[in-house]
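Following are the structures in question.
Across the two complexes that follow, subunit A remains constant while its partner is subunit B and subsequently subunit C.
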Partner chain A sequence: MAAAATAQFKDRNLIGIIGDEDSVTGLLLAGIGHIDAKQAKNFFVVDAKTPKEQLEEAFSEMLRRREMAIILINQHVAETIRERIEEHEDAFPTILEIPSKDHPYDPSKDSVLKRVQKLFGSD
Partner chain B sequence: MTKTNADTTLIAALDAYQHFLDRSLASAKHLSAAHFTLSQARNADPLVLGHVCYDYRMTALNHIACETESLTLVPTPPPASTQTGCETDEEEKPAANPLFWFGALPKPALRKAQTEFQSALPDLVAAANARLRLVLALHRHQQQQLK
Partner chain C sequence: MSGNNQRLAIFPTRMAQTTMKLRLKGAQTGHSLLKRKSEALTKRFRLILGKIDEAKRKMGKIMQGAAFSLAEVTYATGDISFAVQAAVRQAQLKVRTKQENVSGTMLPAFELYSEGNNAFELTGLGRGGQQIAKCKDVYAKAVAQLVELASLQTAFVILDEVIKVTNRRVNAIEYVIIPRIENTIKYITSELDEQDREEFFRLKKVQGKKKRDRDVDEQARLARLAHAPEVDEPASILAGDEDGDILF
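Now for the complex of A and B:
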């Protein structure tokens, strides 16, 4: 059981990013971009025309990858797939909602706040 | 009034949430400043600054060292390759520095934008760490309540 728990996180070394072009470009400039031998990317650019199904699939794919430690996602993008994000309760990969150029970070919309609010609801 | 184990885990979860909130707001502020510099770079340079310029041979220059309850940012030395994407050998090598995806002579505004996003990374990892600890604290509290 301990070995399985260790295997769960020891290979996780990448930061993924799902966001608009500015957010992805900026963070790729910072050096987090990675494309492996199978051409799997750790980033996904979202625009106004990106279908919700494609976004959900990109998010699910990043969750499945064992090398993902952190997934950064613009909060306004996260709103589009809020149910999928709330379904993810595991520690890894850690999902972090971040602001974009046009959408500031709003703590009240963060999925983790709802989990904290449940503490008060259940006590 | 004695504290039950459930009280202890609840307090730990609430402390973790406050820490996460502080880290998130700090990283958000830093990212907003970085976005501003990128906008300035866009205005300063007519070159396209988007996904059409990405080098699809890229490798990460910053990795994460993942432990049970912590994430650490680990800069990784770039692979031995030419600094720019210019073709000087038989086989074109990927630019080690993403700055050179957007031109052989990047403008100061773009260099500044890169510096800002690079300096925002530790804040983002700190916020991710805080979120990880919060999720684990919530999980412990839920398990305590089931007892």
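Now for the complex of A and C:
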């Protein structure tokens, strides 16, 4: 199983972002934005009116794409689709929760840290 | 299931016994090696854990700083989000994965590299170009941090899996394989002992019988001599006297 995962990651080199407008703008400014031949973008802007299904759809779509190495996601957005994120247990693509302007980082909500807690209790 | 220690189905010979003993030795060595590997991996795991924790907190601060500089830009230039999103073409910042070998497992690490030229060079030439450049810089640094964090996280996930598998094997060897081989050895040894005893018993029985036969013959010979002492014929080879078995 580890072999399958490592075989996949050779072509993965994009950093995707699902987040609010400000986070996406800033990160795009840094240069991680990408549009491929099929007009598929590696970023998705979320606002207060975005329905949950659309979010889940965008998330699944990014997961499916084989060029994605890392997916950045605002923590408050991650909260909305928490189950999907916890379902994703593969090493690739890595899901990283980042804070946003209005929602500072809360370690207790992070999926990865929660898995860590599960394994080690209160280490 | 651990109480159900069967033995391997094998024919109890001395060669089988030697083979089993060698296998036991092999299993014990394998077990201690795997255990050491698991310990090394767990140590590394905890190290990564600590690093992840620290990195995440640092990232929180960096992202805040970045958001602030973006606010400055918006203040100076107005809302640039639409322009930025529209201007996306190829990604300049991409990541490369390189493999690191840790106690036999290949752990990936992400490496940020930039490719192509800067798509946003022309943005903000109207106004606020300096703020935009600064903001871009801050965010680029933030991305570098994030990439590092992502590397740690992937290593963490993969290590987790590998440690689980290794521990499972260690337990399998310790509680299933080794007891099974030990039971097999015990069985073979007991069978061989039983065979030896049977052999010994048979030997004794045969010796006993031989002795009785010899006694009976002796009696008969003495009786013959008593009745006809003068007739003393030399033994004839052709008399058909069977030789007794030679017992060592």
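In this text, the second predicted complex is superposed on the first by the 112 of 123 C-alpha atoms of A that agree within 3 Å, B and C clash if a C-alpha of one lies under 4 Å from a C-alpha of the other, contacts with A are read in each partner's own complex, and residues count from 1 in each chain.
Just so it is clear, a contact is a pair of C-beta atoms (placed from the backbone, for glycine too) under 8 Å apart; a residue touches a chain by one contact, two chains touch by 3 or more.
None of the values given here were measured: they were computed from a predicted structure.
J.: Should A:Pro107 be classified as contacting the first partner (subunit B), the second (subunit C), both, or neither?
T.: Both partners.
J.: Once chain A of both complexes is superposed, is A:Glu21 in touch with subunit B (first), subunit C (second), both, or neither?
T.: both
J.: Can you give me the overlap between the subunit B contact set and the subunit C contact set on subunit A?
T.: In subunit A, residues 5-6, 9-10, 12-15, 21-35, 42, 45, 69-70, 72, 89-92, 94, 96, 98-101, 104-105, 107, 110, 112-113, 115-116, 119, 123 are touched by subunit B and also by subunit C.
J.: Can you list the residues on subunit A that touch subunit C in the complex?
T.: Interface residues on the subunit A side: 1-2, 5-6, 9-10, 12-15, 21-35, 41-43, 45, 69-70, 72, 89-92, 94, 96, 98-101, 104-105, 107, 110, 112-113, 115-116, 119-120, 123.
J.: Taking the complex as given, what residues does subunit A use to touch subunit B?
T.: The contact residues of subunit A facing subunit B are 5-6, 9-10, 12-15, 21-35, 39, 42, 45, 69-70, 72, 89-92, 94-101, 104-105, 107, 110, 112-113, 115-116, 119, 122-123.
J.: Considering only the defined contacts, which subunit B positions touch subunit A in the complex?
T.: The contact residues of subunit B facing subunit A are 10, 13-14, 17, 20-21, 24-25, 27-28, 31-32, 34-35, 38-39, 49-51, 54, 56-68, 71, 74-75, 98-99, 110, 113-114, 116-118, 120-121, 124-125, 127-128, 131-132, 134-136, 138-139, 141, 145.
J.: Which stretch or stretches of subunit C touch subunit A in the complex?
T.: Touch list, subunit C to subunit A: 46, 49, 52-53, 56-57, 59-60, 63-64, 66-67, 69-71, 80-81, 84-85, 88-97, 99, 105-106, 108, 110, 114, 118-120, 132, 135-136, 139-140, 142-143, 146-147, 149-150, 153-154, 156-158, 160-162.
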